[in-house]
Every structure is written in C-alpha cells, then in structure tokens.
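Handing you a structure now.
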Amino acid sequence: MISTTDHSDHGTYRIKLDNFEGPLDLLLHLIEKAELDIYNIPIARITDEFLEYLKDIELLDLQAAGEFLVMAATLMQIKVRMLLPKPVPDEDELLEEEEDPRLELVERLLEYRKIKEVSKTLRSWEEEGSRYFRRSGGYFPDQEVAAALDMGGEVTLWDLVQAFKNLLESLTPTLELEGMPDEQYSISDLMREIEEKLSRKHEFFFSSVFTGLPSRKAIVTAFLALLELIRLKRVKVFQNGEFADIEITKWEDNKR
Amino acid sequence: MNLTKVKAIIEALVFASSVPVSLKDLAEILQLHEHTVKQLIYDLIAEYKDGQRGIRIKEIAGGYQFVTDAECADYVEKLKKVPRPNPLSQAALETLAIIAYKQPITRAEIEALRGVRVESSLATLLERDLIQEAGRKDTPGRPILYTTTTRFLEYFGLNTLDALPKIEEWTDETLLDLVMNSD
Amino acid sequence: MNLTKVKAIIEALVFASSVPVSLKDLAEILQLHEHTVKQLIYDLIAEYKDGQRGIRIKEIAGGYQFVTDAECADYVEKLKKVPRPNPLSQAALETLAIIAYKQPITRAEIEALRGVRVESSLATLLERDLIQEAGRKDTPGRPILYTTTTRFLEYFGLNTLDALPKIEEWTDETLLDLVMNSD
C-alpha cells in the first residue's frame, strides 16, 4: 500500500533516475541521447521513453516521484493536444497561428540547458578556487587589531539569543505536508473516483483523470491513485498505437 | 610619507582584513587618491607574483585579499584541521547558478526553472553562506527573496557578478511566463 | 624540490594557520629535518624584516606567525571603523547559539537540531576561535565534542557562561523530544 504518511522512512530514492537532477534533466538527456531537435520534439516517442524510466520509481519518496509524475502528466497532455484536430478558423477572424502545445516545454528545456551549461563553468571555478586558502582569522595576543577585525563586531549577544529562540520555535513539531498528496484529494478518494467512473464508462482516457483537478498536488495524487489501482490489479492501462492516449479499463474487462 | 612606506601600510591593511578590502576603503584610510593606491597595489601584486612566494594578493569580490599560492594547496591542506569543504552537489550548484543570474529570486521561481523542489539546496547554500535572504517580494504571500553573498564571489574567485559568463537570450519575460504557468 | 619552493610552502603554511605553527609541524608536513626548516624560516623572517614590509613573521608561543608591522598599527586600527560585510552568517550564528547553550555537544547533535549539515559553520567558528574541540564523547564512534572559547566570552562581553541569558523551557527532555520529532 502506498502510504501517505510514510515520509519518516527517509525515502531512499534509489533508482536509475538518481542520475538525473529532476524531470527536465531526464528529458534533456533523452533528447540529446537520440540527437533530436529540441525545437521539434517527437512527443510520443519521448513520452514513451520517459515513462520507461518511470517504471522503476519506487514510491518511497513521494516528493521526488511527484516531480517526475507531474512531468509525465504534462507530456501526455501535450501528446493529446497534438492529436486534437485543429479548429477550422472562422473566416471573419484573423488567421491566428495555432500555438504549438510543445512551446512551453521547449522553453523550459532551453532555460534548463543554459543552467546546466553555467553550472559546468561554476564547477571548474569551484575547483580552482578550492586551491587558494585565505588567512584564518585566529586570535593572537600579539595581533589584537587583526583579530578584532575578523569579528566585524556587528553581532551582539542579543543576536545570539535570538538565533537560539528562533531555532526553538522552528523546531515545534509540525508535519509539513508540502509536496505530499493534497489533503482534499486523498489517494483512496481518487481511487474510488476512478473506479466509479469505470463502473459507468468501462473505459476512459488517462488524460481525463486529470481534467478538473486544481493543483499539481492533486494531479500527483491522482497519478498515485492510478498506480495503486494498477498494482492491486483493479484496473489496466494500455495504449492503442504510438500516438494514442493511454486508456484505462477495469481489470476483468481487459480481455483483448 | 614615501612610497615604500605607503606600500607597506597597504600590505598590512590587506593582510589584517579577513575579507577583501576595497580600493575605496584603502584610499580613505591612507588619505590618497584611489588612482595612486591602485598603482601601488598593482606593484605589490606583481612583486608577490614574480617573487615565487607562497602567498599572493588576489583581486576578489571587489577588493584585495591575501591568499596562499595554488601550488602550495596540497601542503596547506595537510595543516588544516578542518578539511576543505566538499564540492557542492549538482542540485545545489544548479540552484546557485539560477540565483546568481536571476537575483533577487523567490523559491517558487527557482523551482519553476529547475522543475524540482529546492528546499534542501537552499538550506545548504544558506549554511555555506553562499546565498542570503534579502527581503520579501511584493506579491501575494510575500515570498522570501534570495541573493548571492560576498562569500559567493570569493568562493568562485570572481571580482564582481559581471564576471559571470554571459547568457544573452535569458530574458525576464520567459522566466515570468514559466512561473505563471507553473501551477 | 628546490629551496625557493620549500620556502614558498613554509610561507603559505605560516600564513594560512589560525594558530602559530610549530617547527615540528612544519618539518612533518614538508618531510624535512627541523634543522633545515629552521634555517629557511630564519631566511624568511630576515627577508620580511629587511624588505621594509607591512607584515612580518614573528616567533610566538613556540611557533611562527604572520603579524602586521608595529609601525602600521595606526592605519590598521582605522580599518576597524570600516563596516564589515556579513560578520557572521545567520547559519554560523545559529550553530554558535546551540553550542553556547548545549555545550559540550557533538556535530551530529547540532545537525539534528538545525536540520542541515553544519560542517562549514563549524569550520568558520573554529577558524574564528569562537569554538574549540574539547575531547570526545564516550559513545560509539567517539565523536568530537565542541565547546565555546574564552574568545567567545570576550566577543560577547560575558564574564562567564552563566551570564548567558536563561531560556527556561529548554530542558533536556524537550531537547530530546525535539530531536526525536525533528526528522
């Protein structure tokens, strides 16, 4: 069972995703490895490859997993939007160019790529800088002036006590649920919702699970609910061909 | 006061300060023109450099500071009880890169750019005095703004933030778009 | 390794140390006879003395240490009035506060309270002589214990540690509770 209060477990998030600094890093890796054009990403192919990596997620660290799941959901939404027929432009209206659903993602990837490049430069400077040592600001009877300078003289006893009090306050045990599934939408609620929907419709598209959900947290929760249903063999998901959205069906209906 | 004497005083001042001393402070203490002080400092820097010494004066974080020569690093390290700090993790480094370029910046804005939560990177960077809290943004929730510190410049051997590699296309507009669309 | 190089390394070592460096330590790091090192150190001392420099090497407390030249003292004094950026970072201050109230304390205990790694604040505080290593705790791993220094008392204008403002609620039980609940 996926537990929502399991974060005392020090989520050791040991999967091959470990080599990546998050979903953008993984995406960038997939694109570069296949030498794809970042401005024209074959979204279906990349989505499949991305999900392939996600298979190995151990849901120990919901927060880290959540970040990858949100990206998976985003990719699937883009995929669906690209399949939708383009509306026939009204003759009266200006022929506005339809915005490519991939645009925002491409921009984020470009930004992230720049960050990675800059990080490389900073890394080499860090290495170089670590070879210079500053003078240590010790205190020597003979050198009172220099020692006094090291202190700056701007920290008072009050600052010290204040720092301690603040720390005390910050330690008041509170369970921060940020990044955890949305309390309004618990996993079990959403599992029930998906199953109810299936009892009415027998099958529906994966992306429709997410429509109407208010926050990223809720989307992550929905994803987790779905994964849990799959694990419990209550639903099955499959894809009809490379460009299709993922369909969800009840386990016993799945006789194809 | 002859120039040898002034140079000696500059040497003492640069040594005595544990943070880089600016040209302005030196000129004020010596009651001399910044131009004159600059000449003398460059003389001093050259003397140490040419003399194959174990220490030298480095222009860093907008000021001047004595540091040990890089070639002596292996020996100096043996002396230090405290080992040199571990290199920053890739996550912390990426977070720091964003702050360096986009400061002042909030946590949510950094997270929109990196695509992951950055709480623990921020804690590490604050702990290592590479970033600081610098007020709050005037938007709902009044989120904390982060900027880099003087220690950041020292750590990477930079004189000013302008010495960071240029990134032309990185505009404020794209950042704003991302944040708006991020949740 | 030629003598110029060895002398440069000695210079770097004497400069970088926060306490006077003994001949023994220098000889050990350089893998040379104390006799040889002593010769070279005396050369260095003479060079600085004859060169009318602003700094020189002094034999203090059984070791060697760079100090500013007495003749520059008036100017160095003026440096005190120059505002210093970030005298002690917030992170270092929090770590110091914990050590002040809970000494002797180990690094792991401090980290449990602050929720972050405190390696670099400890380095800063040790470097500034505000804390010191004071033996080891009798628990598995025998971790190092830290206490505040005399310098700490001087710096905050305290006569004894008892003069630290009391914080009543802070009993060992609450500490334990907090540590247990902090992760």
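Read from first to last, the chains carry the letters A, B and C; within each, the first residue is number 1.
The rule we apply is simple: a contact is a pair of C-beta atoms (placed from the backbone, for glycine too) under 8 Å apart; a residue touches a chain by one contact, two chains touch by 3 or more.
The structure displayed is predicted, hence computed values, not measured ones.
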Original post:
If every chain is reduced to the average of its C-alpha atoms, which one ends up farthest from subunit A?
Top reply: C
Subject >> Centre-most chain, if every chain is reduced to its averaged C-alpha atoms >> reply: B
Subject >> Gap in Å, rounded to a whole number, between the CA centres of subunit C and subunit B >> reply: 22
Original post:
How many Å are there between the centre of subunit A and the centre of subunit C, using C-alpha atoms for each centre?
Top reply: 42
Original post:
Can you give the whole-Å distance between the Cα centres of subunit A and subunit B?
Top reply: 31
Subject >> Set of subunit C residues in contact with two or more other chains >> reply: 12, 15-17, 66, 68, 76, 79, 84, 86, 90, 127
**OP:** Any chance you could list the residues of subunit A touching two or more other chains?
**Re:** 133-135, 137, 145-146, 149-150
Original post:
So in the complex, which bits of subunit A are touching subunit C?
Top reply: 8, 10, 133-143, 145-157, 159-161, 163-168, 171, 173
Original post:
What part of subunit C is in contact with subunit B in the complex they form?
Top reply: 4-5, 7-13, 15-17, 21, 25, 29-30, 52-55, 66, 68-69, 71-72, 75-76, 78-79, 82, 84-86, 89-92, 115-124, 126-127, 133
**OP:** Would you mind writing out the residues of subunit C in touch with subunit A in their complex?
**Re:** 12, 15-20, 58, 60, 65-68, 73, 76-77, 79-80, 83-84, 86-88, 90, 93-94, 96-98, 100-101, 113-114, 127-129, 151, 155-158, 164-165, 167, 169-170, 177-178, 181-183
**OP:** State the interface residues of subunit A toward subunit B in the complex, per the touch definition above.
**Re:** 21-25, 63-64, 67, 71, 104, 107-108, 110-112, 114-116, 118-119, 121-123, 125-135, 137, 145-146, 149-150, 179, 215-216
